[in-house]
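Dropping the structure in here first, questions after.
Chain nomenclature is as follows: A, B, C, D, E and F, assigned in order of appearance, with residue numbering initiated at 1 for each chain independently.
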């Protein structure tokens, strides 16, 4: 029987509990899932504080500690291309083949729909608690952010002194 | 006698009646006109919904249906360069030679002026009715936009489901 | 009835009689033809002496003087991408839509075949007389090259002092 | 105890039995191994016939069928940078952290050595039988290549019609 | 004795009296100073009106007229990289070696700190009078800006008609 | 009186006695000289072993030890552009203004000539003894190369372990 394989595109800045729930739900419908880390070339900014390598670590450690079998997951990294019309080709050439696409991003949805893919909205998640933007705001404000991400992700962020980095790069000159 | 050949630079998102009038007026002064499609690498965004190829189709079909002789027109595509100081060289190397430059964009005017070109402001057009920004706003708001562009452009946009695309990519995540 | 539209990909360094014959033959089978100038970013080298703009002039003037109706022809320019897997998407986004692809280049043939396009080998042409490589060799050796290209192309090359340029850039430091 | 994590850099065009042996030997010395697919942007050439995504599939399926625990392996993709002095920074930002570097490539060895890394030559492998160059030559010549790669890799290559692709793109125009 | 050599990173749009004071103060602590012109690829915008070459001229002429020995100064140009994680490697490969880094930019401070460099905040300068942003605002508003920059910089800007350029490129289309 | 300022373009891999003689001769004819380090992005290869920063050091130290007044010299770095037609614009925007161009490279000569510059062949130098290619060959062969470059350049190369680097990166995999 053909392997059902889907791709989930996100920036994962940082990887949080909402992402984890989405992945678990998708794995209930699919055999394998490609987790594609978008804007991979970005780091050290307010919107994108963490490098692609750091995000791989967050995702991997969270899946391990949550007993999500890593053999059903591929993590890949996707730098932005400066031409939206090339995006689907860029993803396809850097990824194992897939049939379904999960993304909350309207541009990504449109591009894959035009290319003939089945596009799925990731299962509904409480976006107030889990949006990356909210979590980064809490990090900057010194508010409680640790409960919004898996414990293993807290550990990665602390090891790389991620909060200090985020605060510094968010300062005005 | 030397051919008088000018270049008109624009983004043509979309090509509209204002552009058509400008081209007709320029052709009264020039033998040939190069229509240069700027920001050619951009598409699928709120500001730049259409690909360079789609814009070529809009321009070509509008000129044909308006009996503008295509033999007097060249359409070329110009991706942005990330260095303004290279822009004139980029245009010159990708275009048939030209003496006069028509552009409403102050940066383009400045760059060509510094390079020693004759820069002309395109003939006055009612910008309220014809500005691309206004037309894209109407497309998004579900208002009447079809009267602002040639009928042949309406047809191209409908065939590629351009309004649906513009609405999707303009959504917030 | 749907317009039959094909694309012909080449470097056209320079545009020669072989290209002209191919275009005429294709136009007997198709309604419109897109002439795509590849490696558009290259110029001033032994392999690619002429700029994209100069090649547009050669093609346009040759078609005009040969009474090929320019209204059936689109010329577009294609810079190389550094990723073959993006090539078809790059061409599609910068070109009017097309159904058939004509190219003598095995890589181009393979890429479009994998993307599901009908790929046609351009009608057989005497490659000894018409290959661009041979013509550039003659230009360098001071041999007769003018009979291999349309008279209008000879004129363009002379106006831009193309032979002098080719000879200079082919010198060893 | 700190995880011992190393990186192995290669192009894996294709992934072959030599690579598999090297990975097994490294895993005897390290806890985890990052398999970095270099020249990730290249495909459809004689030297680099397979896309990064296809190479991920080859590696993953070979490790699975050989019972190498995928939870100890990370596969990442590394496009070339056009500046050797940026290479180590590029790898570091796209990879989980690592202490040791395995590579047979003298340039890679030199760059990581200058950056202060421990560089190890991958364990000796019979290069006559296992070099990628040799395997691609056999593919082109129609000779037996299937015994040089894991059976699961043969299957991937056949599914994507890899031999046909390699033969086509290796033709002269 | 080892030469103490530091680097000062800025955009110098334009080079002003504040920069000059900073350089003089740094030279009291260091043997040599590398003045690195950032965002070197930018010009002809409201934020970055002057080319890298024009900024070299401003810096050089100001140092000369202020009797700062040019033999203790290196000017280098640094185009932006689209990946912050590569920035330090980019600077290092294009610059004479240095031990200390002076920058008022929090991102630059963070990147060099993560790379293990000593990062120094440039000596306190009255930012109201000397900030580049303020000076460009005055240029646009037709207010007195000449007293904020060395007389030799005024001369460079007038020769290149810099105020006219800034005003033109700051216009809305 | 207007400053006579010229530019000398080279790769300086490494800076050698021939370069030094050329600079001295040019300074007899010109007030100031811009020494432009080409292919600045290349390093760690057989053809381009040294980084742009290392080459700045070689040039600066050689000029200092030879009592060439550094106040008459500008060193700038020029990464390659992948489009020859943009080269002159790239050089102009990154350099102080100049009237005359010195280069032994036929492509550079042609590009500047087409742009209307006065192009001068650098004063005749014994190319057998001073060509960079020859010096790199000697470095690789373990032959005497030190007499072909200024003593201060020998010192720079030894400090960065340049010979060891060149030998390593020139090995076959």
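By definition in this document, a contact is a pair of C-beta atoms (placed from the backbone, for glycine too) under 8 Å apart; a residue touches a chain by one contact, two chains touch by 3 or more.
Remember, it's a predicted structure, so these values are computed and weren't measured experimentally.
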| item | value |
| --- | --- |
| Selected pair, out of D-E, B-F or B-C, that shares over half of its residue contact pairs with A-D | B-C |
| Euclidean distance of C-alpha centroids - chain C vs chain D, Å | 37 |
| Separation of mean Cα positions, chain F and chain E [Å, integer] | 25 |
| Chain centre separation in whole Å, for chain C relative to chain A (CA means) | 44 |
| Chain B, residues touching no fewer than two other chains | 43, 51, 83, 85, 92-93 |
| Contact graph of the chains (line, ring, star, complete, other) | other |
| Interfacial residue positions of chain A with respect to chain B in the complex | 82-85, 104-107, 109-111, 114 |
| Interfacial residue positions of chain C with respect to chain A in the complex | 81, 83, 85-86, 88-90, 92-93 |
| Chain A - residues contacting chain D, complex | 40, 43, 51-53, 56-57, 60, 64, 70-71, 74-77, 79, 92-97 |
| Touch list for chain E against partner chain B, complex | 41-45, 51, 165, 168-173 |
